[in-house]
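Okay, so chain A shows up in both of these, paired with chain B first and chain C after.
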Partner chain A sequence: MRSRSRLRGTLRTISAVLLVILITGEAEAQDLRLRERLEPGTAATVIALMDSARTLELPTEPLVQKALEGESKGATGDAIVRAVRSLIHDLVTARKALGGEIGEGELLAAATVLHVGGTPGQLERLRLHRSHAALSAGLTGLAYLISRGVPAEQSTDLIVAMLNARLPGRAFATLQELVETDVRAGAPVTTAATAHVNALIRMGPSDRTSGGRRP
Partner chain B sequence: MSDDLDPRLEPWFRALRREPPARADARMRLQTALRAEYARPARLALAPQATLLAAAVLVALASALWFGAERWSRPEAAPGLAKYEEFTVTQFVLHADDARSVTIVGDFNDWDPDATPLVQTEAGIWMVDLRLRPGTVRYSFLVDGKEWRADPRGVPAPSDFGRPTSIAFITPIEAS
Partner chain C sequence: MRPTTITLLACSFALIAYAAPSLAQARAPDGARLLGTNPLAFLLERQPRLFVTPMGEILAGGRFAQRVDSRVTWPADTALPDLALHFIVSYTSGHESYRRSGVRIDLAHELGPTRLTGSATLASGAGAGPQQTITLTFGAIFPVLRFEVRTAWLRSATSQNSRHIGDDISIPAIPRPASKISGNYTDGELHALRNLDRISLGVTGGYRFGGEAWGSRRWLFGEAGVPAPVWNRLSIIIAGGVRPERVEFAQPGGRFAQFGLRLEIGSPRESVTLPPPVSPPGTNTAATTVVQLGLDHYLIRLYQPARSSVELKGDITDWEVVPLRRSMERDDLWETTVHKPAGYYHVNIRVDGGEWITPPGLVAVPDRFGGSTGILNLPTSQEVADAQS
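What follows is the complex of A and B.
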């Protein structure tokens, strides 16, 4: 009994040490990329912001990508820091709106909803569907519709209706494909989105969705 | 130590060192427990298992560090949620008659202008297939290394840095 509990303790310690090493290793790799590409002052500020994000248990790689996007596009240090701060704010707001523990994929999709013009109130309407398998697809679909120009409230109505109908993730990919096809053919985006959502709901969860991805 | 003590304190010390009388039933329980513990065969066989496990964890750690740069964008399903396809092949196309080179720059390649060139498949049609993880992906085309262009077939994204940017929505699809 003693040796077993000792083994358990040892394994726990090893796991903890490895976890720390893993997190530290990732953090150092992220820091290195920032230091290589950004002005020293900007890099230091972004790294400090990332430390804060880690404390808040937010994903940090999207922050790195935001900073690198700014550098690649020739933005000033101030603009880069502003954009990173704004993304942290979106992530925090999104998590609060959806409530409790959600996956990283869902959190990033929800932050994108906010970035493209959605509101925390609209995200809160999806809170009831937190345990829905297709929540991540639903959030991605919501961000897509808003980005395409469907009014945010109406986009939320459509996505909530799809989630209520228990449609699978493929249905949201299909919706995107169908709307893109119609928009290219000159149809108004809101009309196209509404018509296709209604059709998908009528078809039900076992639809023949093709699983397409991107326009 | 007690040699240095005042001899007058010696009786008090002796009294303090004396073991207090133990209750017979408590002594019995303790002895039984100790006998049971020492009678148990040594579990040396567990040590190699622990070593193997630690080795496996170390290999996993090395792999995680090796592929760490890719790890972030994987949507991790919350408990009870579906498993998603890990990658989706997505084709990006740009029509640019006058271009000598076209690259795609985005969240998937650290916004490195040289990392992902497009191939000209016919006059003025530039194309690339990328394996992307589900989620939203921001990207731009860079023509001749200097001209930023949004994807005319894509969805325009809010630009934080004043350059045309597109956004791709890679819908998470349940693994079949």
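What follows is the complex of A and C.
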């Protein structure tokens, strides 16, 4: 009996050590990439921001990627730090709007929605769909509509309607395709988006092949 | 420990390592479920591909040899997948002939900027080579470099048909009776690889630091692969230098010059695609597609006709520039494979050395640096299954 409990204790210790190694290993790998690619001062600031993000339980890999993106695009150290700060701000706001239990992909997509002009209030309207498999695609669709010039509130209405109709994730990509086709033909983007969302909803989630009839 | 035991242990480890995530995923919500529930089923759901490589070789002493290597590979992808199974058949003729067949399992795992690899080969042969071979290889792949340690155990091997004096000097073959050689050797090799447009260049240096030393202990050779201008399934391979003796497939060592053709036959890559790509404003062509090749393994393909180079950088490459290769299926398709979990990534491309732009067909969003970037969604297996149905 004693040996069994000793074994259990040993296993627990090993698990804890492995967990610590895993976490610190990941953090070190992130740090290494930053130190190798950024100027020392910028790297130190970004690493400090990542530590703050970790305490807020935010994913840190998107921050590393944002910093590396800045470096690869020739941004100054200040611009990189500003971009990482702004991303942290958007991630915090997005998580607050959508609730804590949300995947990294959805969180990042939601931060993008905020960055392109969406508001926390509009994100909150998607909160009910947190468990929807298509939420990430829906958020990408929302970012697309807003960045394409459809008013943010109206974009949110359209995306919420699609999520309410339980449309699959690829319906949002189909929407983008159809809207772009119409815009190229000269249609106003808001009109095209509204018409195609209505058509997709009418066809319902069971239709898995067509992108919807032309309205 | 016997070689067979080591190989069995390695294979068991591989299966456990790959079954564990599958089991974990099986308990996950529908959206995160894997295509297959075990690695074998997962592999067999993929398409195979056949490679045939006929080669002619001029060896030290002016001898000429021919060999044909062929393999059937699952999954049908030329890049390194996380798990791959190969059936290998080769035939060497020349002074003495050797036929060999076997099976190889490859594993790979991403660890930061490094890709760790391992493979185990079981083969048997007849003729001027070993009757049984077990080879274990472990390596690490960096952006331009690949390091590999390889150990081979051989049974009933005949020695090669040329002998070496010193490192670089060979004398013509002296046929030896098929002796019962049970040996092993361990090699360390470093490969430097570079792709220049459609030409791949490589230099390999190595040292045999353990076990039997048939011929040279040190080697250095270069090789180049050039796609044939007439048919994109055919590549011309040119190599030369000093190479090690690889008794397990009757490859003589020493100085050599090699000319060969590589023919790729069989099924095309799987066409499990997302919805049709979307054209951005101002264009009228299909643009960017993502094909799932396996667990956390995707092919990204761009339609870019009449281009001489296409490069990509993004979250999926740590924002390092990665040149895309021209598709073997069509000259106007450019592609690369990535090993990343399903999810949401940002990418940019550069065509013919121009400006970095958002890949056509992707949603463009501001990048927080005054430019824009495209959103690339690597789909989950469930999303792919939905799209297929």
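As a convention for this text, the second predicted complex is superposed on the first by the 195 of 215 C-alpha atoms of A that agree within 3 Å, B and C clash if a C-alpha of one lies under 4 Å from a C-alpha of the other, contacts with A are read in each partner's own complex, and residues count from 1 in each chain.
Rule of thumb we're sticking to: a residue touches a chain if its C-beta (ideal position, glycine included) is under 8 Å from a C-beta of that chain, and two chains touch if they have at least 3 such contacts.
Since the structure is predicted, the reported quantities are computational estimates derived from the model, not experimental observations.
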- Task: Put chain B and chain C onto chain A via the superposition and say whether they clash or fit.
- Result: clash
- Counting only touches as set out at the top, which of chain B and chain C does A:Pro59 meet: first, second, both, neither? first
- Item | Contacts of A:Gly118 with chain B and chain C, given as first, second, both or neither | neither
- Query: In the superposed arrangement, which partner chain does A:Pro168 touch: chain B (first), chain C (second), both, or neither?
  - Reply: both
- Comparison of chain B and chain C by chain A residues contacted: B
- Query: Just chain B (first), just chain C (second), both, or neither: which does A:Gly105 touch?
  - Reply: both
- First (chain B), second (chain C), both or neither touched by A:Gly77: neither
- Task: Go through chain A and flag every residue that touches chain B in one model and chain C in the other.
- Result: 29, 33, 62, 65-66, 68-73, 75, 79, 82-83, 86, 104-106, 108-109, 112, 115-116, 133, 136-137, 140, 143-144, 147, 168-170, 173, 176, 211
- Item | Residues of chain B touching chain A in the complex | 37, 40, 42-43, 46, 50, 53-54, 57-58, 61, 64-65, 68-69, 71-78, 80-82, 84, 88, 90, 105, 107, 110-113, 134-136, 138, 140, 148, 153-158, 160-163, 167-174
- Can you list the residues on chain A that touch chain B in the complex? 1-4, 7, 10-11, 14-15, 18, 21-22, 25-26, 29, 33, 59-62, 64-66, 68-75, 79-80, 82-83, 86, 101-106, 108-109, 112, 115-117, 130-137, 140-141, 143-144, 147-148, 168-170, 172-173, 176, 211, 213-215
- Item | In the complex, chain C residues that touch chain A | 29-31, 112-113, 274-282, 284, 313-315, 318-321, 342-344, 346, 356, 363-369, 371, 373, 375, 377, 379-380, 382-383, 386-387, 389
- chain C-facing residues of chain A, complex: 29, 32-33, 62, 65-66, 68-73, 75, 79, 82-83, 86-87, 104-106, 108-109, 112, 115-116, 133, 136-137, 140, 143-144, 147, 168-170, 173-174, 176-177, 180-181, 183-184, 208, 211
